[in-house]
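For reference, the structure I am asking about is given below.
Per-chain numbering from 1; labels A, B, C, D, E and F assigned in written order.
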Amino acid sequence: VTEMTLFQTIREKLNTALLSDALDSLGVINQVMHESIRPLDPELILVGRAFTMLYVDVYEKPEAPYDKEIEAIDQIQPEDVVVVCTNNSRLTGVWGDLLSTATRARGGQGAVTDGLVRDTRKIMAMRFPVFAAGIKPLDSLGRSVPYSYRCRVRVGDVLVNPGDTIVGDADGLVVLPAEFAADAVRAALEKLNKENSSRKDLLEGRYLRDVYAKYGVL
Amino acid sequence: VTEMTLFQTIREKLNTALLSDALDSLGVINQVMHESIRPLDPELILVGRAFTMLYVDVYEKPEAPYDKEIEAIDQIQPEDVVVVCTNNSRLTGVWGDLLSTATRARGGQGAVTDGLVRDTRKIMAMRFPVFAAGIKPLDSLGRSVPYSYRCRVRVGDVLVNPGDTIVGDADGLVVLPAEFAADAVRAALEKLNKENSSRKDLLEGRYLRDVYAKYGVL
Amino acid sequence: VTEMTLFQTIREKLNTALLSDALDSLGVINQVMHESIRPLDPELILVGRAFTMLYVDVYEKPEAPYDKEIEAIDQIQPEDVVVVCTNNSRLTGVWGDLLSTATRARGGQGAVTDGLVRDTRKIMAMRFPVFAAGIKPLDSLGRSVPYSYRCRVRVGDVLVNPGDTIVGDADGLVVLPAEFAADAVRAALEKLNKENSSRKDLLEGRYLRDVYAKYGVL
Amino acid sequence: VTEMTLFQTIREKLNTALLSDALDSLGVINQVMHESIRPLDPELILVGRAFTMLYVDVYEKPEAPYDKEIEAIDQIQPEDVVVVCTNNSRLTGVWGDLLSTATRARGGQGAVTDGLVRDTRKIMAMRFPVFAAGIKPLDSLGRSVPYSYRCRVRVGDVLVNPGDTIVGDADGLVVLPAEFAADAVRAALEKLNKENSSRKDLLEGRYLRDVYAKYGVL
Amino acid sequence: VTEMTLFQTIREKLNTALLSDALDSLGVINQVMHESIRPLDPELILVGRAFTMLYVDVYEKPEAPYDKEIEAIDQIQPEDVVVVCTNNSRLTGVWGDLLSTATRARGGQGAVTDGLVRDTRKIMAMRFPVFAAGIKPLDSLGRSVPYSYRCRVRVGDVLVNPGDTIVGDADGLVVLPAEFAADAVRAALEKLNKENSSRKDLLEGRYLRDVYAKYGVL
Amino acid sequence: VTEMTLFQTIREKLNTALLSDALDSLGVINQVMHESIRPLDPELILVGRAFTMLYVDVYEKPEAPYDKEIEAIDQIQPEDVVVVCTNNSRLTGVWGDLLSTATRARGGQGAVTDGLVRDTRKIMAMRFPVFAAGIKPLDSLGRSVPYSYRCRVRVGDVLVNPGDTIVGDADGLVVLPAEFAADAVRAALEKLNKENSSRKDLLEGRYLRDVYAKYGVL
């Protein structure tokens, strides 16, 4: 399967809970981000390839404060998801409307950060999926700059490598390491069927013990 | 009054703020859960009888990981509200769509937990009231199991005994101890009238000092 | 410009992100409240003049528990925003429906607190803008009383003086010190134009480096 | 027994763990302060009668900032322990060397606060027992003032009434409500004997099951 | 090498920093416990084999509250270190003087918990090494009971399996998985030599760049 | 006065509480570091000139991980205090024994960090003053690297500029901005005399109201 097929299957049929269960079944167990990272709009689904950035809070304005940020954003490829590690900074709204617009213009799918974001009404109006630890109108200018990008980062307690598959929905975020993505999707599709059968039986009034005995999922 | 009449009165006329004030007036003052426990859908109202469960986080998969959970859920009675104490665990989404479906199939009214939940879109689509400290797609399988049920628990800093009345709405959760439930409802209905009169007078432009002098509530 | 003209300009054209950037450009850099203070309704915009109150948590019911609160609320003037400092108390729902109604009756525009609020459904139905650190149905009666009002307070890590301009929207809250308000509005209007041009160019597919070179904002 | 006899017995024979167990055995179960309140010097033992004060953080210097504090401190009686509720403020070092000196001059036994303290080297050199949530050199002047004293307060999650017995040692702090103090001391003396016997048997190599079967304490 | 030789080598020559570096060099990188777990007495060194226990907070007194705890403690073997997972509970002093005495009577070396402890003066007088997240005199009786023992646990964010080597000193705690213990000790001894040489050269006034170039450690 | 004279006066006669009060009296009010930064050895006094460093947590080992750190440390001058901003990271023990040894070899006076440190026994044996937010044996290698040095940083909520005077003792840390250092020392010496007189009078049994009326300090 190609990456695009995987992304498409996830968007149409799966969700973070199923993919997390699938990774569990493969023994890959630390791939769910911390619950403090929430979607701005829980109705939007985010699927794509991790494009990572690592920011550092600073306390004086650098000479060319935006150079590295611009350099990174202009390299975004279609299907990328920008994953911004701030090491859990609460200093600034590190992501906003113009970065969202620029990312989408390059084909980017959304953004995930362990920091804060701003311009939330404009971002939601764009229906651009952004997941963040909170909201604050304070600009990053002179306060927080990229240290590096396309590097391994840790966001929401999960190590993210460039190229990992990021999946986000109302329940949160799951990171599929590149080498497990295809297997995880396959396992998730199987669990999906069993859960649908279980739900149907439960809706018909069957007891949980019988339904679990029959399908083996919960 | 029967329990059913009480529940009905609460659903139709009262809310958590009034019932909390009523308990205050009876000298029962530690019955409001911590503000970190929030409704998935603040438009839904939850009223029912506490069916308590106590979970413990574990770090190896038990032999029959779901046995006690299934045993408990299958005993839920109509009008029960499942109250899941995880001792504030943030490890897993301890409650989800299938448990919600099974609970409703038995007549259960909703669920409250000091832990996290998952499958939130499906639960909201069911219009099943769930209150939790957060959202995370990670499965409880092999991570968190019931230690006991139908026991006294502490959820959101409130001791909950099986049979207490649980009331939840957009403002949060109040626990009416069984022995105070009827009196609390009576006192809340009285305060409701005074608040309605106060609001009416305020809307007509009267000063707060005059309105408070007249009705004695604020 | 009069205060009313400023308020009107902010309501019609500006937002917290632009005003925060404007204050930054004036070297006034600690005016954005902590991200834990969130709007009950992110669609409402709050603009007005700070009317400050300072509460203290107490552990026995005072003789006349509401006297000072009533005294303060009845002095609210048109265009005032009540700013309630509780020193980050999580004890009670210090603000609610009746105070909101009384405040609006006097011409008040909204309320901001670093504490908790209750009666949230009623407040939202009034479309009265309230920003708070959380929601709890517990009454302040006998738990939290005004120590002072019309005093300098600290809310959300920002010092607020009576008469400062408070601006709140979906992104959070900015405090414009009285002496900088007019300049901040002017600078924000300038930035607004540049951002609109940048966004337009980005939407047309231009690279961020070119857009930033042209307009100098991000 | 007189209050002085009780205090003396506690100082000579008991400790916080035994008194907490004794209160448990009397069904009085919320009397141990939060673990964040620690002794400056864990070798000192503090026993006395609660003299309570309640402070509030303020953001402008009051006209007579020290008046109420001086008024309170000058009323301290022999055997008093000053219990300073700051509602968990971390703003200032609310207690220091001069207040300690003044308290001791009146016969006061020590001080307990849920806030911070300063002048810790001088206080320790005096061997004056102070328990606090931390240490900070920042003055309270113009930052934190008494709202009231000789009132009920909540310190370390325990309600303290004037006249309660305060006991502090390396393990923390226990509050004996006045009406339970004598019974608690009696029960603690009993448990002391059993623990001593258990310890002796364990030191001789006996198994815990046998020792517990014999003395019934652990 | 035998386990006893390893333990002896660690006690005489190594420390947690060196062993953590050694594990890093083996690619085993999540073995250092959270900094909130501190020694009661930073002068004591703890080395031994993990004997794990998993506790759960409960809210009613069980019928035989101590049975499982006694059963576990009586099985402790020489060189064991009791590792008590409470899932970060702050409810009780889960470990104390009698358990320390009983553990030592069986040959146990010390105790480590992510919870709280009591009887700290007695434990320190015994020179029995205990590491904990804090101190509280409140008894575990009826509040916290063992759910299991000799199971995998998570303490201070590190997974601990029965039989792992636990090493604690003033800097904190390191867990050597059984399969890496011998290699880690070997690598740590090598680093020890290089660090000693580096320190000597630095003390003689050499620049860090030269010292690092020579020995390759920092 | 020369910088050396100032440092000497502070070391011999002053402390953080007096200097903080002195800064308050000059209207410079945000210079006391957060109470979470504590001395390893509260008996040591630290006075010197800030040499700042800013670290960032990373998640892959850089090519030359120590280059910038070595470059910085080798530039330390006599009387410098290394001030390490990690933006409150709890990831690694960013400061340790070899850096302490190298710093002292250059004439450095001590180190202050909002992060964690290791090798604490060795550092204390050197009597080298280190202040930190905690202790952890985990190496910074491949986890945390300098982003910059000799830059403005924020440590313990205080902005520190290179060249500011750092003063630390058992009560915590105060930062004297270069332009206020001489005035602060002068004002502190004055307050010292008044406090000594107050203490003397209190020790003689005078009431606080009389002592405060006489000397005007508390």
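Keep this in mind: a contact is a pair of C-beta atoms (placed from the backbone, for glycine too) under 8 Å apart; a residue touches a chain by one contact, two chains touch by 3 or more.
Since the structure is predicted, the reported quantities are computational estimates derived from the model, not experimental observations.
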Equivalent interface positions on subunit A and subunit B, same or different at half
different
When A-C is set beside C-D, which has more C-beta pairs in contact?
A-C
When contact pairs are matched by residue number, over half of those of A-F recur among D-F, B-C or C-D in C-D
For the pair subunit B and subunit E, the C-alpha centroid-to-centroid distance in angstrom is 40
From the mean C-alpha coordinate of subunit D to that of subunit E, what's the distance rounded to whole Å?
31
Centroid distance [mean C-alpha coordinates] between subunit F and subunit C, Å:
36
Would you please write down the residue numbers of subunit E that are in contact with two or more other chains?
none
Output every touching chain pair, sorted by label.
A-B, A-C, A-F, B-C, B-E, C-D, D-E, D-F, E-F
Where on subunit C does subunit D make contact in their complex?
54, 56-60, 85, 87, 89, 147-148, 151-154, 159
Subunit B-facing residues of subunit A, complex:
15-17, 19-21, 24, 32, 35-36, 38, 42, 169-172, 174, 195, 198-199, 202-203, 205-209, 211-212, 217-218
Interface residues, subunit C side, partner subunit B - complex
66, 69-71, 73-74, 90, 93, 96-99, 101-102, 105, 116, 118-121, 134-139, 141-142
